[in-house]
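Below are two complexes that have chain A in common, paired first with chain B and then with chain C.
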Partner chain A sequence: MALLTVDRVSKSFAGNRVLHEVSFDVRAGEVLALVGENGAGKSTVLSLITGMQAPDAGELRLDGEPLRAWSPLRARAAGISSVHQELSLNPHQTVAENVFLGQWPARRGLVLGRDLARRARPLLERVGLDVDPRTRAGRLSLGQQQLVELAKALVCAPRLLILDEATSALDDDQVQAVFRVVRELRAAGSSVVTVSHRMAELFAISDRLTVLKDGAVMATRDRAGTDHDDIVRLMIGRELSDLFPAKAAPTKAATAPALRARGLTVPGGCAGVDLELTPGRILGLGGLQGQGQRAVLRALFGLARHGGEIELAGRPAKLSSPREAIRARIAYVPEDRKVEGLHVAQSVRANLALTNLDTVAPARRLTTVDRNAEAGLVADLIDRMRIKAASPSQEARRLSGGNQQKVALARWLPSEPRVLLLAEPTRGIDVGTKREIYHLLRRLADDGVAVLVTSGDTMELVGLCDEVAVMYEGAVVERLAGGDLTEERLVRASVNPAVTHA
Partner chain B sequence: MMTALPRTAGLRALRDHRAAWAFGVLLVTWAAAILFANGFDSVSSVRYLTQTASFLGIIAIGQTLVVMMSGIDLSVSSVVALSAVVCAQVSAGHGGAAGILVGLAVSLLVGLVNAVGVLWLRVPPMVMTLATGTIVAGSLLVYTNGSPKSAKIGLLDSLANDRVAGIPLAFVLWLAITAVAVWLLHASRVGRYVFALGTSQEASRASGVPLGVTTFIAYGACALLAGVAGLVLLGFTATSSLTMGNPYQLLSIASVVLGGTSILGGRGHVLGTVAGALLLTLLTALLTAWNLSEGVRQMTLGLLIIALLLAYARERRT
Partner chain C sequence: MPDALAGRLRGNLDVVGLGALIVVLLAAYSHYDSTLFTPASITILSAQFLPLILAAMGQSAVMLTGGIDLSLGSVLALAMAVFAVTADHGVPLAAVCALAVAAATGAVNGTLVAFAGLPPIIVTLAASFLWGGVTLIVLPQPGGSVPSGLVKAYNDGWNGVALPLVVVVAVLVVWKLVKTTRFGLSLYAVGGNEHGAYASGVKTRTVKISAYALAGVFVGLAGIGLAVQTGSGDATIGAPYTLNSIAASVLAGVSFFGGVGQMRAAVLAALVIGLLTNLLLFTGLSPFYQLILQGVVLIVAITVKTFATRERTE
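Here is the complex of A and B:
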């Protein structure tokens, strides 16, 4: 018996058809995966289920009853809770307050902080989160915040849990915690709909997979009756060969590093990190989530105050602001693209132009923006990166997650950076695009860019990087390259640095 | 959406909903005034309106720059008085030209101090500008011993009262300033930075937007324009007073917002502010024409501003 039926629903935004007669159902006690490229319409379908939006045509049925006047409030009351792609925690409130947001336990109208924390604890434990419920949510790492979102979704014991890329910022351990929750729910007869671009995860946890392409359902498959290649073929409509590009040829006569850091230290972030970023090579920063990788990148881009020495092309340099870093031709794609990576409320055009105003609005035109040059630059980047946008004037926040990431990266390309810093470059990005980005990064490296990448995805680091520096509690504890760079060694070095280090 | 002003300036401005709305409301109000009130159908009344709107309009253009980068300038009323009073005082001893220069220089100085406070001391714009405004007002009191001078300076007199081809010079000056502001905000690099800062400080920082330069330009220009308005007002009335800027504080912000610019920054168009300033001036004139008492007039104006805001310039939910 289907718990939820999605029956031929369609949805358009401003004449742009996003969903076309989408049908699938979610059975009681199953885990259904929704798969599809960026912009395929996954989040949009889910927003219909959670009552955030209403379909233009078609019908949704819960327990056979058509949903009328559906709203987020009613969906919650009906036992549907969700973890969204976008984080929605209030950074100024405590973890416990966030978990119980809107349903604070109160005694005679008084919210009791102690009470709240006590009641939040078991929920946090359930999602494998070891933090004090009284910490402010804003102090947590992205991954921890995502787990708090999950805890929040569990407060009302859902019958249907929706996970829209709820694991995108999590490391392997944290993903296992999420899986544990999902399995518990399934065992209790609840259903889960999950969206992720990490295929391995989908295969590990789901019972059935529904593939969306360009807003239409291509197929629904039982897990046992399908495999990775089959799903990818349905998703992107073609075979996907060599996900990762070939690595750099091992040492063509020692190239001088483009950037060298010695004893790089950020208070509360990283300590004594030595790094050499060499043109032509992709260096990875691995390790568990939140071991100081982010601090290293932010320091190198002048966003975090830091100690230690930095040399650029052999000359000592001070990077005390992003402007100085940019002048030194360092580019940075942050992990939180909604906050730092993009101006989400501005158009794709404005976003792409902002970092290239030197060329688009040159001093010889008295810094007047040259509309033609701007349009050309934007069209070229949209084309080159295959950014899927309704038009260049579409607001960045209206793009699907993957396309936002492409914009965040594309905006740096025209200035031809020498050093490219990327935090989680493929978070929330579909396999086809991942492949594009991997190959693009390799091409950039081949053209002489020094690339530094952080990633929580072990497979990605192993497949993409020439060398990986594993971080633990703010320090580099292991460097893996060549034959040593395997998933197994990487995982072992990340979780048990003391042993491998000894 | 970030609206731009290329060759097809008019079209783009129209597409920016709320700025276009401001012009629509202005036209309707004007038509209503002509139809239902006395004395709004003559050329001289149009002249008078555009002339008086110019004082407010010049200040509001500067305010737009600041609001667009999600700041606010609450020192404009004091700066208006500052430039006029100082100019009158200096010109008494050293001639008109010196008076004008010194008046503008001290105005600009206030803007730069505002920028320093907002930028380096990280005082919220509202607090910083209110504080400098209060300090300026206080020092004027000390400087003039409570009795500011009057002055008749030829250049200012003609700037405020003369006409070219029937059009008040003050209005021409306002339009010229608007043209420059349109270029600055909607066609130049600085404008892109202002809009970027108005939408997200963090993202702007990580994009290499020069926060410092942009802040100095916006607050500097705002104060300078308030100074210019003060000088024109001095020319208009030939006297300076310590309170002559007071009405313009809130009206300049109201012009910006009624012109469709988001008070949170990052959204809007300078031309909307022009409509906003004309609209507010027109409403004030209407209320005066109806012989309402000062108190009732202020109450009505306040209510009208709220009503108009609700009608079309409300903040959107994101």
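Here is the complex of A and C:
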């Protein structure tokens, strides 16, 4: 018996058709995965279910009853809760206040902070989050915030839980906590719809997979009756060979480092970190989430006040502001693209051109932007990165999540950086594009760029990097390279640094 | 735990800092006016400061949702006019009328902001002309009649009790309660992340409309206070309150982007501005220099406050 039926639903934005007669159903007590490339329409279809948007045509039915005048409030009352791709927490309120957002338990009309914290604790525990419910949500890391979102979705014991890339900022441990919750819900007869670009996760947790491509359903498969290649073929319409590029030849290690950091320390972030970023090599920062990886990147881009010595091409340097870092040809693609990486209210064109004003405004005295050069540059980047936008003038915030990430990365390419710092470069990016990004990073490295990436995706670190420095509580506890760089060793070093050290 | 403690300290830094500033201002003040700490002075001063304090609270309530109210001065004058005109028929009735009108104007503002999807700054700018016009219809000439007994009790103390002070304390207590209701939490939630609040099933429009209406009540009280203080109504007297209330809210640390701020601090900040204005009057400087000095002091105060309470970036 279907809990929810999506029946020939279509949706357009300003003449741009995003969903075309999409049909699928969610059975009671199953986990359904929605798979598709960036911009395929997954989040859009979910937004119809959660009442954030209304379909242009077609119908959704819950328990056979058509949904009428649907809204987030009604969806919630009907037992549908969701974790959105874009976080919906209020950074200024406490974790507990966020968990109960919109349904604060009141006693005689008053909501008591102590009461909230007490009720929030078991929910936080359930999602494996060990934080004081009275901390402000804005102080948590992205991954912790995502878990708070999950706790929030569990408040009203949902019949249907929607997870739109709810694990994108989580490390392996935290993903397991999410899986545990999903399995509990399934065992209790509830249903879960999940979206993720980590294919392994989908196969680990889902019962059926529905593939979307360009806003249409390609197929729905039982997990037992399909495999990775089959799904990828349906998703991108072709085979996908060698996800990861070949690694750098070991001889290159002899080149002088482009950037060397000694004893890099950021108060409350990392302590005594030594790093060498060498042209031609991709260095990874691994470890559990929130062990200081972000602080290292922010320090190297002049965004975080830091101590320690930094040398650029052999000469001592100070990186006290992003401006200085950019002048030293250091580029940074941040973790939270909406805060630091993109001007979300501006067009794709403006976002791509901003970091490259030197290229498009060459007339030094007049310094007006050459519109032709700009259009050419933008068209080239959109093409190279396969950014899916209605037009270059589309606002960045209207792009699908993955495409926003591509814009954040693409804007640095024309400036030809020497050092490229990337935080979670493929978060929320589909496999096809992931492959392109891996190959692109390797090409950049081969052209002499020194690359530093952080990632919570173990497979990605192992597949992409020449060397991985594992961080724990702000310090590098292990360095893995060559034959030592395996998923197993990496996971072991991340969760239990003391043992591997001994 | 240290997080919570630091958070609490930082949260109260606003209040502590403003309190310190007030102590300094009071010390300077008592230098010019040695009767400052007598009950009579306290009553007179609190009567004088009450309208701005309540106006700042109204402005802060709106700013907490991420809005702003440029019509505040007009609404204040409207409430004052309604009160002055109807006071003949009994003070309680007049007060209810004035508050109802002010709350209604707030609700209209809020409805326009919530449904028209227009920026609050534009909606309330337009509304300021609208309510200004309405006020002139209600009370074309300064006048109206507030019972002189009430005026006297209010300005000179009623059996030794400073009524305006009682009003401020009462309103603060009410706010404290409102803040702990679901409505109060939604107010902060909408201000902090409107989209997220909507996605979580908060009725963001209702919350906004209610916030503007609540602000209307505060401003209405301010208008009544001003009418009782001066003994009559004046359609043109409200204008300065708009910008002063914004200045007080900003000084109090209420964010323009919404979701951050405390009413206690708004009250103290309004007090700072009131004391500062009086103090500059005492100096006998030309009004031009007074304005310049007031501006400088505010900028310095806001800068210091911002640095002291700034979030430490990791």
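The working rule: the second predicted complex is superposed on the first by the 498 of 502 C-alpha atoms of A that agree within 3 Å, B and C clash if a C-alpha of one lies under 4 Å from a C-alpha of the other, contacts with A are read in each partner's own complex, and residues count from 1 in each chain.
The rule we apply is simple: a residue touches a chain if its C-beta (ideal position, glycine included) is under 8 Å from a C-beta of that chain, and two chains touch if they have at least 3 such contacts.
Everything numeric in this text was worked out from a predicted model, so none of it was measured.
Overlay on chain A: chain B and chain C clash in the combined arrangement. Of the two partner chains, chain C is the only one touched by A:A295; chain B is not. Looking at the shared chain after the overlay, A:G268 reaches chain C, while chain B stays out of its contact range. In the superposed model, A:V195 lies in contact with neither chain B nor chain C. Shared-chain residue A:Y332: touches chain B; no touch with chain C. When chain A is checked against chain B and against chain C, the one touching more of its residues turns out to be C. When the two complexes are overlaid on their common chain A, residue A:P322 makes contact with chain B while staying clear of chain C. Touch criterion met: A:A304 reaches chain C, while chain B stays clear of it. Contacts of A:A353 after superposition: chain B is touched, whereas chain C is not reached. When the two complexes are overlaid on their common chain A, residue A:G341 makes contact with chain B while staying clear of chain C. Residue contacts after overlaying the shared chain place A:Q93 against chain C, while chain B stays out of touching range. Chain A uses residues 303 to touch chain B in one structure and chain C in the other.
Listing the residues of chain C that touch chain A in their complex gives 1, 3-4, 7, 177, 180-182, 184-186, 188-189, 191-193, 195-203, 259-260, 313-314.
Looking at the complex, you find that chain A touches chain B at residues 301, 303, 322-323, 325-326, 332, 334, 339-347, 349-350, 353-355, 357, 361, 366-369, 371, 393, 395, 397, 411. The touching residues of chain B, counted against chain A in their complex, run 1-2, 4, 6, 183, 187-193, 195-196, 199-200, 202-210, 266-267, 318.
Residues of chain A that touch chain C in their complex: 50, 52, 71-73, 75-77, 82, 84, 86-93, 97, 101-104, 106, 109-112, 132, 134-136, 139, 152, 266-269, 295, 298, 303-304.
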